[in-house]
Every structure is written in C-alpha cells, then in structure tokens.
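What follows is a pair of complexes built around chain A, which joins chain B in one and chain C in the other.
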Partner chain A sequence: MTELVWISLALPLAGFLALLVLGTRLPARGAGWIGSLVMLAAFVAAAAATIMLAGKPEEQRQVSQVAWTWLQAGNFSVGLDIWFDELTAVMLLVVTGIGFLIHVFSVGYMQGDGQYRRFFAYLNLFVFSMLMLVVSGNLVLLLVGWGLVGLSSYLLIGFWHEKASAVKAAKKAFVMNAIGDVGIAVGAFLLFVELGTLTYGGMFARAAELDTATATIACLLLLVGAVAKSAQLPLHTWLPDAMEGPTPVSALIHAATMVTAGVYLIARFNPLFAEAPYALDTVIVIGVLGLLMAGAIAVVQTDIKRIIAFSTMSQIAYMFVGVGLSAYWAGIFHLFTHAFFKALLFMGAGLVIHALHGEQDIRNMGGLKRVMPKTWFCMLIGALALVGIFPFSGGFSKDAILSSALHVGTPLAWVAYIAGLVGALLTGIYTFRLMFLVFHGRMSPYAEKVAPHAVEHHGEGPRTMLWPVYILTIGAAVTGLLQIPGVTHVFFDWLDPIAPGGMVEPSAPQEWLTTGIAVTLGLVGIAIAAHLYLRGSAATDQIRLGRGRLIAHALERRVYWDDLYEVVFERPAAWAAAFLRRDVDGPAARWLPLDGAGTLTAFLGRTFNVVENGVVRSYALVFALGVGGLLLYLLVRGA
Partner chain B sequence: MTSVGLPVYLGLSAILMTIGLIGVLLRRSPLTTLLSLEVMLNSVNLTLVAFARQVGGTDGQVFALVVMGIAAAEVVVGLGLVVAMTRREMVLDTDELRTLRG
Partner chain C sequence: MITISWLIGVAAIVGLLVTVLPFSRRAGGYLALLGSLAVLGGVIGFIYRFEPSAGYQFGDDVAWIPQLGIRWDVAVDGVSLAMIAVTALVTACAIGYGLWAGRDRNHATYGLLLLTEAFLLLVFSARDLFAFYVGFEGMLIPLLILLAIWGGAERRQAVVQVVAYTALGTLLMLVGILYLGLTAPDGPSFAMADAVGRGPDWVFWVFALAFAIKSPLFPLHGWVMPAYRQSSPEVAAVLSGIASKAGGYAFLAVLVPLFPEQASRFAWLFIALGLVGFMWGALLAFRQPDSRGVIAYSSIAQMSFVVLGVFLLSDLGATGATFQMVNHALISAALFLLAGWAETKAGSGAFAHLGGLARNRPILATVVLIVGMAALAVPGSSLFASEFLILLGAFAEAWWLGAIAAVGIVLAAMYMLRWISAVLHEREGDLVGSLRPPDLRSGALVAIVPLVLALVLLSVAPAQLTERIDRSAQALVAAAEEVAP
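The block that comes next holds the complex of A and B.
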C-alpha cells in the first residue's frame, strides 16, 4: 500500500524530469499527453492505495514508512518518510484526480502556445510538490513541499513572462508565500525544542505535554503559513493578482490544490490545535472576516477570473471556520466539494475566455448562452453548487460547517453562523451576477463580433477541454451526496479517526434547519442578482447606487489592502533606498578613495608587464638563471 | 665489458645539459629548440639511469622510461605545431612568435 503512495508521489516528478530532459525533442502534443498520463497513473495509484486503506480495520489506518534518514545531526533526525491516513488519502485523490483533469484541459487550452512543453513540466512539478506536502510524515518534509509549491506556483503564475503584470503577480505571490514559509519554519523550531521530534506520530503523541502558551504560539506560527498559502487575511492580496497566469493554472493552484494547503495544515495538526483554543478562535475570526470581505469584493469585480478568485478566498474562509470549530471533517468535506465545482467554474471561464480570444472582462461578454449552451449548462451546475442550492454538492459541505457552528453554540460560533449565512447571500449575488452578465442579457459588441465566429469554427472548445468539464460537472453535482444529513455518513466516518480529540458533529435537525436558511438566502441572492443584472445589457455600474458609492469604491479597491501594504511596506522601503543612494552612497563614493584598489592593481600590473615580453628565449633564460641560482645557493649552503 | 664510473656518466650528462641549454637559449628556430630540449631531457635520463645503477634499484630506469614517454608526447605536439606553422607560411622564429605576450 505504501508502495502505491510512493509511486503516486514519484510519477509527477518523473514526468517533470522527462519533460525537462526531452525538451524540444518531443512533439508539443506529446509533452501534453506525457504530463497527463503520469497524472492518470498517479491517480490510479492513489485510488488503489485508498481502497487498500479502506480495507483495513480502523485502528490500523495510519500508516507511516521511512525510506531513509535524510538529515542527521545529534539527536535531530529527519527521514524521508510518508504518513498515509484518511486525510492524506482525501488530499491525494483530490490533487491527482482534479490535477489529471486539469492537465487534460490544458492540452486543449494551451494549444498553440509556444511554450507548451515548459508549461507541462511546471504543472507536473507543481503536482509533485503538492503531493510531497500532503504525504510527508514530518514537519520538515512538509515544509519542503510547502516551499516547492510556492516555487512552482511562482513559475506558473509568471508563465507568460513577457507580460510585466504576470511577472509582478508572480513575485507578489512568492513573497507572500515566503512570509508563510518563515512562519512554519519558526514554528517547526519551536516544536522541536519543546517536543524533541518533528514526525507527526511523535509530535501528536506528545502534544498534551505542551503548555497552553507554547502550543498557542506554535499554532499561530503554523497559522501564518496556512494564511499565506490559503490566501486568507491578511496575506490574501496575491490571489487576485495571480489570475495573470493561464486559466488552467488558476483552476489547479487557485481552486483545487494549493490554496487548500492551509486548511489541510490545520486539519493535520489538529492534536496541536486542540491544545491551543485561542489559536482555533483566531482561525475562526480570520475565516469570518475573510468570507465576508471576499464575498463582498467579488460582487463588484469585472474580471471573470478575479470574481472566481475572490469567491475561492471566500470559500476557503468557510473551510477555515470549519476547521476552527474543530469540525475538521466539515472543513475537509468543503475542500473536497469545492475542488470540483471551483475547478469547474475556472475551466468554464477558460472556455469562455478561449472563445473570446483572451477577453476576461465580463462587461465585454453577455448573452453567451445562445452560442455556448454546453458551457452555460456546466457552469450553471457549478454555480448552483457554489451557492449551495440543494441538492448540489457545495450546499451539503457549507451547511455542514455552518451547522457545526450552530452545534458549538459559543458567542464566536454564533457570529460565525450569522456571518456564514450572510456569506451565503453574497455568494448567491456574486455567482449569479457572473452567470447573468456572461451568459444572459444582450451580447456586448465585442462578444457579438468574436464569439459566434469562434464557436462556429471550433465548437465551444476541443474535446480535451470539454470532457474534463463534463466530468467535473458530474462531480460538482453529486459529491455532496456522500454526506446527506441523517442519511449518509461517509465523509464523517472516514475522517473521524484523524482527530484523536474528537470532532464536532451537528445533529441532523440542526443541519436541515441550516440548509433551509442557507438555501433560502442563496435563492434571495440569486433573485437580487437577477433583479440587478438580468434585465439590461452588461452594465455593472448599477451597484453604485447613490449612497453606496463609498462602499462600492472601497470594494473596487479591494478594501484598500493593497494600498495599505503599499503605504506600510513599499513606500518606506523605496524611500529608504532612495535616501541611502542619494545621501549615503553618493557622498561616500565622492569623498572616499574607493577606486584605490583599482589604481593599485593597475599600477602593479603595468610594472610587472615588462617581464612578459612574449619572447620564449628570454623566459628560458630567466628560468635557467633561476635554476642556476638555486643550485648555487644549495652548493654554498651545503659547504 | 668494463664499466666506467659514475663520474663519467655525470660528466657526460652535464655536457649534454649544457649543450641543450645553449641550444634553447641561442637558436631561434622552433625545430632546433625542440631538438635541444630533447638533448636536455636525455641528459637527465642518463643521470637517472646512472644513479639507479649505482644504488642498485630499478626506480631510476622506470622513471627514465616515463620521461621518454612524456618526451615523445611533447615532441608530437611540438612538431605538430611546427608543421602547422610551416603550412600557414608563418615565420619560424621564436622571437617573432610573440602574439601571446602578457
């Protein structure tokens, strides 16, 4: 069984290396299929491993294996080890399964791009990094995966490196993630000092020995990493900019895998977080603020991918609320369903962008339902799942989180509950604003000019792009049925053993009540969106109704986070650099004999240059005289 | 067969070394320079063999063989250069060949 996990981990790496070595010797399409096939194989291996894991009795489902000792210094030892349990299995399936579909989608989407092979090499590298992150058996190896994910996402966001904005976005994402890496690294130091080990088994067994203060600090440091990777407040600003990357990248990294790493981290370290209630409360607070803010910002964005990006941030915030409430299963369940419907929405957006030759502004779309009915239908399913309309998947998982808040019942949980319901309303508004402005109403002049023509010639997209979308549509529609309140219990039962401290499980009436309220609010949101956006053409300014102008401006500026960071970090740094250059470096260069070293070297060089005249015989003479002198000296001394 | 003493060998070696050195220092033809170098190398070989015979070991002989091998290689390169220069109709004068001066 562990062999299969190793295989699953090694295949994307092998794919990456193969693409790297073969390079242009491969035909472009071949590169895409190699990348996709290793992903399929990795998914099959992961699925087989999961089935074998499920066949074991519940107590034996936490398997770890050490390949070899990687670092050894004193009593500090890090092995290349994996940890395979129910949580790992879920993550493994999501990453390889959704990853495979996105690879296939990319075969069509990236067709004609000159850098096709490089793209697939990066994609495979990314998947390998992500798998490394989820299967690692100790914190150091997790940090390795964590850093590699940051690197490969940097490479993918900046894939179109001739675009200055893409390069800037990639750098931003990298720096933000580096802050998170530092948090985890420092947390790892602290945990090693306190516990003497960094393997999961060792740490979790001794978690109870930590005093509350230490556990809280360690968990908050881990949370810094989680927040950076999952694009949560206050390190979220990189996610909307990261939409500069190709759309499959957005689907893979910014919907299904990378941004969920923070949720995974918290769920994985639940025995530590159980010792640190304040850290868990912090997770809830971050989640509540994030889901409201991102949901509100999504309502006014005009770039189709940025809307989905803020929606992702909002949904990840729901997951944070879930894991913060110790309802780890609910958080991971939402992660699971979200991977389907959000990858679906991104791919649907990719189809639209593809048909419109790269146009991403929803004001230039509208009325596309007529020319792209298949895309419309798939995205409609995805949108309904996102809003959480019964019986599509997102509803079950989101309501599981919210009803857990109802079940916990503390003041903070009530705040989370109310905020989550308001978030459901916002989700309905922004999701269907997107749907109505893109697919309904009147066509914009640009779409009129381009879309019918493109669809007439190429259909809605090549088969490699459509089939993954169909499969995800099915997933988005049915995965929620794994956990129908009071009927099925698959997800809860499967994940129950990962939390030794137990998990919050709401009762079926609580869940149905929450579902009722949330679905109603979602429908109200859809109705508001219909009222505002369905009638006219693609006019988005209607949100700016008189009194709401200030709020609208704040939302359009994304609540000024970018401006805040510019004022707090960017401007002082630029000012300090300018000051040092003008008032320190400049005068110093004028008044100090800084070129003394150069002058001295040049002088010495000219002096000794005389000897180097190029005449071989003179070299030989000097050599002979030298040897003669040396012999003479030896003779004289010997006498 | 009468054996001559060590001083005779060393004397001959010194004479050969001096001839070679003078050749290298005075002659300007690359060909003659190489020739003179060979003479110097062989004077060293003579010394090695003479001392080895005096001491009674074989180390000196072995070393002399190595020197011969190296000398052969060096001559190949050197003569190759000379041939190449001749083909390009360059002046065969070491004093004129000073393009690579520092």
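The block that comes next holds the complex of A and C.
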C-alpha cells in the first residue's frame, strides 16, 4: 500500500524530469499527453492505495514509512517519510484526480502556445510538490512541499514572462508565501525544541505535554503559513494578481489544490490545535472576516477570473471557519466539493476566454448562452453548487460548516453562523452577477464580433477541454450526496479517526434548518442579481454597484490592502536599500581603507616603482620580506 | 595511501609548472585541468574512505623547520573534508570555464588558479599555525596577480582595496601566531593543539580581525565589491566561492577551538554582526544594478549567516555553518560563471542592457532558475537544509534570535527573485541580440553543470554530507560550548 503512495508521488516527478530532459525533442502534443498520462497513473495508484486503506480496520489506518534520513545533525534528524491516513487519502485523490482532468484540459487550452512543453513540465512539478505536501510524514518535509508548491506556483503565474504584470504577480505570490514559510519554519523550531521530534506520530502523541501558551504560539505560527498559502487575511493580496497565469493554472493551483493547503494544515495538526483553543478562535475570526470581505469584493470586480478568485478566497474562509470550529470533516468536505465546482467554474471561464481570444473583462461579454450553450449549462451547475442550492454539492458542505457553528453555540460560533449566512447571500449575488453578465442579456460589441465566429470554427472548445468540464460538472452536482444530513455519513465516518480529540458533528435537524435558511438567502441573492443585471444591456454603470460611493470605491480598491502594504513595506524597504547603497555602504567602503592602510600600501606601491601590477608585486615582496626577516631573526635567536 | 599532502603537492607542482613554463593556451589549460581533476579524484576517494568517528585522517606530520618547532602537520576532519571537496570541485569548474568559455586567457591564469587551490587546501587541512598562515596569506598572491593582470578596467583600484584590507588583517595575525608559537611551554611549537586556550585577548582579536576581513563580515566587507566586480568570471567564482570560505572555516576550526573562553565571552558580538551583516547584505543586494552586485552582496549576507552559525557554539550551528559554506561555495561559483558568461559575451552586465534572456534560451533559463532557486533557499534545496540547521540552532539558543534571523528567508527571496526576473524576464535588453552563441553551449555548460548537479545531490540527501561533518563540528565547538554559562 505504501508502495502505491510512493509511486503516486514519484510519477509526476518522473514526468517533470522527462519533460525537462527531453525538452524540444518531443513533439508538442506528446508533452501534453505524457504529462496527462503520468497524472492518470498517479490517480490510479492513489485510488488503489485508498481502497486498500479502506479495507483495513480503523485503528490500522495510519501508516508511515521512512525512505532515508534526509537531514541530520546532533540530536536533530528528519527523514524522507510518508504518512498515509484517511486525510492524506482524500487530499491525494483530489490532487491527482482533479489534476489529471486539468492536465487534459490544458492539452487543448495551451495548444499553439510556443512554450507548451515547459507548461506541462511545470504542471507536473506542481503536482509532485503538492503530493509531497500532503503525504509528508513530518513538519520539515511538509515545509519542503509547502515551499515547492510556492515555487511551481511562481513559475506558472509568471509563465508568460514577457508580460511585466505576470512577472510582478509571480514575485508577489512568492514573497508573500515566503512569509508563510517563515511562520511554519519558526513553528517547527519551537515544536522541535519543546517536543524533540517533528514527525507527525511523535508530535501528536506528545501534544498534550505542551502548555497552552506554547501550543497557542506554535499553532499561530503554523497559521501564518496557512493564511499565506490559502490567501486569507491579511496575506491574501497575491491571489487576485495570480490570475495573470494561464487559466488551467488558476483552476488547479488557485482553486482546487494549493490554496486549500492551509485548511489541510490545520486539519492535519488538529491534535495540536486541540491544545490551543485561542488559536482555533483566531482561525474562525480570520475565516469570518475573510468570507465577508472577499464576497463583497467579488460583487464589484469586472475581470471574470478575479471574481472567481475572490470567490475562492471567500470559500476557503468558510473552510477555515469549519476547521476552526473543530468540525474538521466539514472543512475538508467543503475543500473536496469546492475542488470540483471551483475547478469547473475556472475551466468554464477558460472556455469563455478561449472563445473570446483572451478577453477577461465581463463588460466585453454578455449573451454568450446563445453561442455557448454547453459551457453555460456546465457553469450553471457549478454556480448553483457554489451558491449552495439544494441538491448541488456546495450546499451540503457549506451547510455542514454552518450547522456545526450552530451546534457549538458559543458567541463566536453564532457570529460565524450569521456571517456565513450573509456570505451565502453575497455568494448568490456575485455568482449570478457573473452568470447573467456573461451569458445573458445583450451581447457586447466585442463579443458580437468575436464569439459567434470563433464558436462556428472550433465549436465551444476541443474535446480535450470539454470532457474534463463535463466530468467536473457531474462531480459538482453529486459529490454532496456523500453526506446527506440524517441519511449518509460517508465523509464524516471516513475522517472521524484523524481527530483523536473528536470532531463536532451537528444533528440532522440543525443541518436541515441551516440548509433551509442558506438556500433561501442564496435564492434571494440570485434574485437581487437578476434584478440588477438581467435587464437589457450590460452597461458599465450597471455593473458597478453604486458608483462613486465610498463603500464601492473601497471594494473596487480591494479594501486598500495593496495600497497599505505598498506604503508600509514596499516603499520604506526600497528607500532604505537605495539609501544604504548610495549614501552609506558605497562611500564607506571607499573611504575606510584608503584613508588608513590603503594610503600606506599605495605609498609602498609607488616607492617600488609601480607598473600595472606594482601593488601586487610590492605586496608579495612585503609579505616575503616580512616572513623571511622574522624567520631569520628567529633562526638566529633559536640557534 | 594518498594523504592530503599529495593533493596539495599535485596542485602546487602542476600549478607552478603551468604558470612558469611557456605552454600554449590549450596545453597549459588542459594540463591544469588534468591537475585539478586529479585533486578532485583524490578528494572523492577521501569522501568514500572517511570515517566520521575517527577524527583527523589522511594526514602527515613531519618536521618542517625543526629549529622553530614548525611542522608540516596536515590532516582532514569532517569539516575540512567538506571544504576540501568543494574547493576541488569549484577549482576544476573554474579552470574548465576559463579554458572553454574564455578565449583570451593566458596559460598562466590556469596555473595561478591551481596554485590558489594548493594554498586553500593547506588552509583547510593545516594543524600547524604556521602552515595555516602560509596558506591563508599565500593564496592571496596568485589571486591578486590574476586580478591585477587579467581583471577589468578598474582593476588597479580593486587590487589596492584588497591589499589594504587584507594586509591590515593578516600581518597582525602573523604577530599573533608568532606570539603563540614562541610562548609555547615546551619550547617553540606552532601546533594548534599546543595553542588551545593559551592565547590572551589581543591574539584572539587579531585572529578574529583577519578572519572577519576574509569572510567578509560586516562592516569589513569594503574590498568585496571592487574585487568581485573587476575579476574575470572564473576568478570571481574562486574568490567568492572558496577563497572567502577560508575566513568562515578559520572562525570555526581555528578561532573557536583555540580560544574557547574568548569565543564564548564575545560570541554575542559576532552573532550581532552576523545578523546585521545578513540584513545589510540582503538590503543592498536588492538594489544592485547588475548581476555581480547582487551576487556580491548576497555573498556577504550568506557568509554573515555562516558566522552567526559558528558563534552559536552549538552542534547544530557548527554543522549548519559548514554545510552553509559548502552550499554557498557552489551557488556563488555557479552564479558568477553564469553572470560572467552573459556579461563577457554581451559586453555589459547591467540589467538595463541584459534582460529577457529566457526567450529562446531554454538551457540558460533552466540553469539560471535552478541556481537562483537554490540561492534563495527554496524549501527542499540544500541551502534550505543548512539554513534550517543554523536557524534551529539559533532558536534553541534564544527564540527571538531564531525568529529575527528567519526573516532573512523573506529578504533572500526578494533579492533573488528580482535577480532572476531582471536576467530572464520581461523586456529584452538591447545587448541581448549580440550574444554569440545565443544559448549556453557545451563549453561553459560543462563547467557549470557539475556545480548544479552537486547542489541537486545535496538537496536530495543532505544527510550524506551532514553525517560526515557532524562529529567534527561538534568537537570543534565542544570546548567553547562548555565554557558558556
């Protein structure tokens, strides 16, 4: 069984290396299919491993294995080891499964791009890194995966590196994630000093020995990493910019897998978080603020991918609320369904962008339902799942989180409950604003000119692009049925053993009540969107909500976070660096030696009749004379 | 059995012959390359034969100048082994690069590089203070000649700077060494073992000064910029890659074990300088207008980190610092060869003229990316592993120290990402079109790839190196660690 996990991990790496080495010797399409087949094989291996895991009795479902010692010094030692349990299995299946579909989608989407092979090499590298993150059996190796997904995300955001904006976005994503890496690294130092081990088995067994303060600090440090990677407040500003990358990248990395790593991290470290209630409360607060803010910002954005990006941030904030409430299964369940419907929405957006020759502004869309009915239908399912309309998947998982809040019932949980319901309303508005402005109403002049023509020629997209979308549509429609309140418990039962401290599970009536309220609010949101955007043309002033008003301005500027960071960090750092370079380091380096010993040496150089290399010669001479003289003196004295 | 003396001898003799005899460029170059490869082969043998628990190995100890108690006492422990290995590899690559990529090199340049290697091997293996001094001081002579004759337009100024700084340090150190040697209780002896714990504070300080200049440690890094800017690429690679390691190594293997009490007493100062230097170098690297500037200041930052690791006076810190030196040697050598390649081909290294190199240059882009990512210590890289050890050691010493130093990870990401983008991405510079051949080709590539491969191997299994370093590093700091309150 562990062999299969290793194979699943090694395959994308092998694919990456093969594409790197073979390079231009491969035909372009061949590179795409190698990348995709490797993913299919990895998925099959992961699925087989999961089935074998499910066949074991519950108490034997945590398997670990060490390949070799990776790093060792003194009493510190960390191995290249894997940890395979129920949570790993879920992540493994999501990453390889959705990853495979997105690879196939990319075969069509990236066709004609001159850098086709490089793209698939990077995609495989990403999947390897992500698998490393989820199968790692200790915190250091998790950090390695954590950093490598950041690296591949950097490479893929900046894939079109001729574009200055793409390069800038890639750097921004990397640096903000490096801040997260530092958080995890320092957390690892603390845990090693306190517990003497960084393996999951060792840490979790001894988690109870930590006092609350230490556990809280350690968890907050891990949370810094989680927040950066999952684009949550206050380290979220890189995600919307990351949409500069190709759309399949947004679907894979910035929707389905990498950005949910923060949720995985908190769920994985639940034995530690169980010792740190304040840290869990912080997780909830971050989630509440993030889901409201991102949902509100999504309502006023005009770039189709950025709308979905803010939606992703908002949905991950829901997951944070879930794991923060100790309803780890609900958070991971939402991660699971979200992977389907969000990847679907991104890929649908990709189809639209593809048909419009790269246009991403929804003001240049409109009325596309007529020419792209398949895309419209699939995205509609995705949108309904996102809003959480019964019986599509997102509703079950989101309501599981919210009803857990209801079940916990503390003041903070009540705040989360109400915020989550308001968030459902916002989700309805921004999701269907997008649907209506893109697919309904009158076509914009640009779409009129391009879209019918493009669709006539290529259809809505090549089969490699459409089939993955169909499969995801089915997933977005039905995965929620795994966990129907009062009927099925597949997800809860599967994940229950990962939390030794137990998980929050709401009762069926609580869940159905929440579903009722949430679906109603979602429908109200859709109605508001219909009222605002479904009438007539998609004119600019209608798209913006209350133009010129303070709140709208704040939302359009994304609540000024970017501006804040520029004033507080970027400008002072640039100024300090420039100042040191111009006025301190440069002059000091010239001044110091030349006024002191430098003058002496230069003088010596001149007296020894300097030619080009006179200084060296004189230096060597001084050196030799000095040593020789001293030796002579000592010899004479010693003799 | 082959001992370290053999390797020093091969490097010195071949180096001297190639320098002095009137070889052709090609003949001299290949002879020197052969010599450096022979040394590398010997070192690989050492790596296999090395016994981590056996202390000093592959050594010779014979009377050299018996009247003064000066002995040719050389031997290799784990820390030395790491430094010797990286010295042999970088030298071979530098000679190969000069031979294949530099069309205008004189045969003597190869010989001088080999002579530098011989002196460096002596530094890294000397167990006698006088022999150590000969290596430490002697390596500067071939390097200065290389800089003075084959350097850039402002080489004279650079030579003056280097001499001014180093002469200051090393001549004082010589006085210190003579003092220690002549005051030995049983007649004059320069053996390091006889000098342990005997030195007064002033000797500690003159040693520290010499090593700090060489490292270079803030604020004594003034010679670095002109020297690294004016050298030809392969000399810059040797200077920043391995010559500067003499300083870091000497802190760990000479200063700390010989002066355990002072090292422990003044550790705070070196830790503070390491921290400041790290931030200083990183900030300055962030605003440099060309590759050499970025590499030079990032080197200052990295070596400051090494000094920080050494003066933690702990097992983790010392092992991490040694490992860090190996990583930095490989990275800065590779960076200088890469940057130097583009710069000498195009005629300028300024980012303004030389950007957007990724277009149609898949090999260059791949190598630059790998080395760049290794240099910013992306998790999983060997530099990450060594920084992790140092930072963990710092955290174990004092939590705030580890936390502050960890911020460096972000700074390193900032300046290296800027460098990668400035070289590879966005608009193509106006001189890019003049690159011939347009992409990295066999010659320069063959010289750079071994460095990259070494980095990759160390990233896959860093424990292979650290388990060889660990015990020796521990032994070097043990006495100072015990003194610590």
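To be clear about the criterion, the second predicted complex is superposed on the first by the 568 of 639 C-alpha atoms of A that agree within 3 Å, B and C clash if a C-alpha of one lies under 4 Å from a C-alpha of the other, contacts with A are read in each partner's own complex, and residues count from 1 in each chain.
We take it that a residue touches a chain if its C-beta (ideal position, glycine included) is under 8 Å from a C-beta of that chain, and two chains touch if they have at least 3 such contacts.
Computed from a prediction, not measured in an experiment: that's the story for all the values here.
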If we overlay the two complexes on their shared chain A, which of chain B and chain C does A:143 touch? Say first, second, both or neither. second
The answer to whether chain B or chain C touches more of chain A is C
Is A:23 touching the first partner chain B, the second partner chain C, both, or neither of them? second
Quick check for you: in the superposed arrangement, does A:3 touch first (chain B), second (chain C), both or neither? neither
Please indicate which partner A:585 is in contact with in the superposed arrangement: first for chain B, second for chain C, both, or neither. second
Chain A contact set shared between chain B and chain C covers 612-613, 615-616, 620
In their shared complex, chain C is touched by residues of chain A numbered 20, 23-24, 68-77, 118, 140, 143-148, 150-151, 154-155, 158, 161-164, 167, 171, 174-175, 178-179, 181-182, 185-186, 188-190, 192-193, 573-574, 576-578, 580-581, 585, 588-590, 592-594, 596-598, 600-602, 605, 612-613, 615-616, 619-620, 622-623, 626-627, 630-631, 634-635, 638-639
Can you name the residues of chain C that touch chain A in the complex? 65, 67-68, 137, 140-141, 144-145, 147-149, 156, 159-161, 163-165, 167-168, 171, 174, 178, 182, 188, 219, 221-223, 225, 280, 283-284, 286-288, 314-316, 319-320, 356, 358-359, 362, 366, 369, 373, 378-380, 384-385, 388-389, 391-392, 395-396, 399, 402-403, 406-407, 409-410, 413-414, 417-418, 421, 424-427, 461-463, 466-467, 469-470, 473-474
Which residues of chain B touch chain A in their complex? 21, 24-26, 28, 33, 94-95, 97-102
Along chain A, where are the residues that touch chain B in the complex? 609, 611-617, 620-621, 624
